[in-house]
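My questions will all concern the structure given below.
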Amino acid sequence: MRKTYQKLKERCAYLLEPGTAESGWAKAIDVFITLIIIVNLTVLIIDSVPDIPLYYRQNFYLLEVFTVLFFTIEYVLRIWIAPVTEVYSRFKRPRVGFVLSFYGIVDLLAILPFYLNFMFGLNYYYLMVFRLFRIFKLFRYFTALQLLGRVFRAKFQELMFALFFIIIMLIFVSFLMFYVENKAQPEVFRSIPETMWWGIITLTTVGYGDMHPITPVGKFLGGIIALMGIGLFALPAGILAGGFSTELQKIAQEDTEKDSKEASTTCPHCGKQLKE
Amino acid sequence: MRKTYQKLKERCAYLLEPGTAESGWAKAIDVFITLIIIVNLTVLIIDSVPDIPLYYRQNFYLLEVFTVLFFTIEYVLRIWIAPVTEVYSRFKRPRVGFVLSFYGIVDLLAILPFYLNFMFGLNYYYLMVFRLFRIFKLFRYFTALQLLGRVFRAKFQELMFALFFIIIMLIFVSFLMFYVENKAQPEVFRSIPETMWWGIITLTTVGYGDMHPITPVGKFLGGIIALMGIGLFALPAGILAGGFSTELQKIAQEDTEKDSKEASTTCPHCGKQLKE
Amino acid sequence: MRKTYQKLKERCAYLLEPGTAESGWAKAIDVFITLIIIVNLTVLIIDSVPDIPLYYRQNFYLLEVFTVLFFTIEYVLRIWIAPVTEVYSRFKRPRVGFVLSFYGIVDLLAILPFYLNFMFGLNYYYLMVFRLFRIFKLFRYFTALQLLGRVFRAKFQELMFALFFIIIMLIFVSFLMFYVENKAQPEVFRSIPETMWWGIITLTTVGYGDMHPITPVGKFLGGIIALMGIGLFALPAGILAGGFSTELQKIAQEDTEKDSKEASTTCPHCGKQLKE
Amino acid sequence: MRKTYQKLKERCAYLLEPGTAESGWAKAIDVFITLIIIVNLTVLIIDSVPDIPLYYRQNFYLLEVFTVLFFTIEYVLRIWIAPVTEVYSRFKRPRVGFVLSFYGIVDLLAILPFYLNFMFGLNYYYLMVFRLFRIFKLFRYFTALQLLGRVFRAKFQELMFALFFIIIMLIFVSFLMFYVENKAQPEVFRSIPETMWWGIITLTTVGYGDMHPITPVGKFLGGIIALMGIGLFALPAGILAGGFSTELQKIAQEDTEKDSKEASTTCPHCGKQLKE
């Protein structure tokens, strides 16, 4: 009995965990969950359009109920199978480990708002923002997105470094511009925090045009700031680009090593392993 | 008789195929077709100006008729010569191979709208868009444009990868901004799809200024988004720049190898081949 | 007596100089000064918001008085300890060396406006701008910001070079645009200096939209200028990015060398130095 | 007599040619001409400001007369000394060589408008644009600007290549946008040439906001175009950045080689040449 239970749990883990199987049911389940998330995000986007007729909205609600039920079952199953998965079995208490992990929190946030609204009548409008966090469930199935996370972790220090530069520069620049333009446009450059909005939109070269200097001194200063912007703001772009290329090279190298290792331990004729 | 026919076909292929001849008629025909395409594109652009007097428009129509006739003959000839060309002779059924190839479809789309309009009276306005596809006929004669295609194919996976990032980021960012700004500017940030327009215009640093946050929270969020934008959106630029430099190096290397190969097999004094 | 005085001075230098101690009081003082500067900058920013109630402003004034007193004591102490510090003890007259150094001037500018206002009743509004210079006091505690300074010094010549390009280009471009657009928009493209504002905002791709050509010739010229802009204005960004990567590599290398040097002169078992 | 004349010519060439002397009068003359050009450009810029009082304008005119006289003497002298200069003495007819060279034409254009206006009463307003060409006289004295020219020549083919891409892309993109937006905004997206203005301002990420799509299809298309823009338009920036770094490396290498060459042929102790 206990053995059957254990076997069932392992079978379930095999089916649910992404990337374990190369084909068959396990892959089908991965694709199905991915599809549900994408459909959900699409509905979330379409749902915000005010002209959508009520008829569709009702269908959207049905889909939401179905999704929450599905994700609830998925969440419960994932807690259940945590002790037999590769990642969480390393923890002392695998189930707690999963619940407190990134994916555990994401999975909970994907369903919690619905129940909070259902049980306590909390305003659904604000809770709906949490539905967006279902986007993070996608990370489980796309190695590309995990790469993004890895790059951020590898370049974290340098990025913080660049961010610190940018903040210091932004304060400096906004401060000066505020003193120069405030007298001429007291309603536009009202305060330093509001001038910082101008600062960031200019330094990133977005340039909406809702705020811009009109005095000669302000324009002179603004020109220098815009010029400095391209120099310093190229930093994070350079850091991230470098980080991605390094990570992509690492992956390529690992693949080659794996291949050559396999090649040296398998017979080149029959493909079977030579030594075990 | 059959032999003359075959010879005529080969002569025609020699004249029509780009890059086969170094001088003479074959080259003249290449230049002539290129010129017709460029004239056509120019007329297409000028034709859209509303102030153009009717007199010119009539000439434009005559040019269109001439172009379509010319391109029709070219298309028919290309089908005819397909079995003796270097590329399509490899196919089992060379003529079908050509018709279904990229250039075969482009050549057909360049003339089809005219006949559809002529025979079935279909609205010419919408068909005219297809005239733009004549731009792709240029690709046959410019290796630079073929390089573009090669870079895209070589970096396809990485570009899809970057695109996936960008879409996920765009959804995330637009979702948040919609919830923040919708209450303050219900007519501007009307729905998430409309906020995505703001998102892409901000993340690419274009910044038209038709939509921008006005609430303090929205401005704070918008500033962070603009800053993240330069980091992540530098990715495709980096990928493409890398791809182009790799392809250009490859071409340079091939040229050098070809030269050195030629050098080692030809006499340095008379330029004649040493061994055959 | 004299010995105690000397010892007190050395103790004080040990406590005040950044980076001398790895823990304890010296570090606590570093953190405390950093915090005061950050709080000060934050207050400076918030103080500019017109809606801040008077109650807060009075607290801000108290904080300002406290800060100035604290910074005055710090400044006096730093002059006093100059002869025993690593940097200024090399000078012939260490105290004059400190007062005329970058940090000496910054420290003075951080407190001078308050006293000038207090004693001579100078308009505080304009003096307040100098309060911003307290931001430079942060440089003492963040090696990241010192790196910025080093990169600027290392790449100074190249940056001046790029700046010279940019100015020549800006003059050329603004001159042409002024002659093209002045007749059509005499109130917008009023003079060459005003057209230079358009030039820099276009060449940096900020593009506020407050000034833009409306004549066909102006639009044609403007398009070419915008295109040239991305090419030439990428220069300073490239120079700075290169400079940062070089400096970061140098730091990494120095760390490695230091480690390997330590490794070869210390026992790998007990960590004690082998030879002296 | 003839010898004195020849000697005078050589002395004059020595004084006028840039970079021949390391100090003394020759250098002073270089600096003086550079200053006159810079003052001229400054006056040209200030002269365009409508609020400048008449008093200053009269001084500006006097300066103009002086400049033209000075540049005329310089031009005549340069023709005279052409046979003894390093560059033009290589030509069969050195004086014709100089007159038809880049600098010869620039020197003529710097003075011609004044005489044309003076003698034939041609409209000075349009001729004034040619005064801008005095900026090119600066190229003689700044090696940095000559570097710019060298990079452009070295990367000419690649830049033309990128330009061809950009033009094809611009046509394609503007054509599509015109068909999508023309019906909704017939007065804004009036014709394809006018849509090309939108195209270039979007693809370079300037984004003035004077033209932007308002239909959902147009916004969708515009988003994709903006995204493609950053990819393809990064090309010229990359090419130029690469070209500059290559040229700067070449200069550094040449300096090193020159130094090492000098080092190997001169005594390390006395600095005198070992062999002649």
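A few comments on the model shown:
Note that the chains are named A, B, C and D in the order they appear, and that numbering of residues resets to 1 at the start of each chain.
Operating definition for what follows: a residue touches a chain if its C-beta (ideal position, glycine included) is under 8 Å from a C-beta of that chain, and two chains touch if they have at least 3 such contacts.
The chain list, named the UniProt way, goes like this: A, B, C, D = Voltage-gated potassium channel.
Here the structure is a predicted model, which means the values were calculated and not measured.
Among the other chains, C has the CA centre that is most remote from the centre of subunit B. Superposing the C-alpha atoms of subunit A onto those of subunit C requires a rotation of 90 degrees, given to the nearest 5. Rounded to a whole number, the gap between the C-alpha centres of subunit A and subunit B is 34 angstrom.
Between subunit B and subunit C the centroid-to-centroid distance comes to 47 Å (mean Cα coordinates, whole Å).
Shared interface positions of subunit C, defined as residues touching 2 or more other chains, are 193, 196, 205-209, 234, 238. Against subunit D, the residues of subunit B that register as touching in their complex are 41, 44-46, 48-50, 128-129, 132, 135, 138, 142, 144-145, 148, 166, 193-194, 196-197, 200-201, 204-210, 233-234, 236-241, 244-245, 248. Of all residues in subunit B, those touching subunit A in their complex are 158, 161, 164-165, 168, 171-172, 175-176, 178-179, 182, 190-193, 196, 202, 205-209, 212, 216, 219, 222-223, 226-227, 229-232, 234-235, 238, 242.
For subunit D in complex with subunit A, the residues that touch the partner chain are 205-209.
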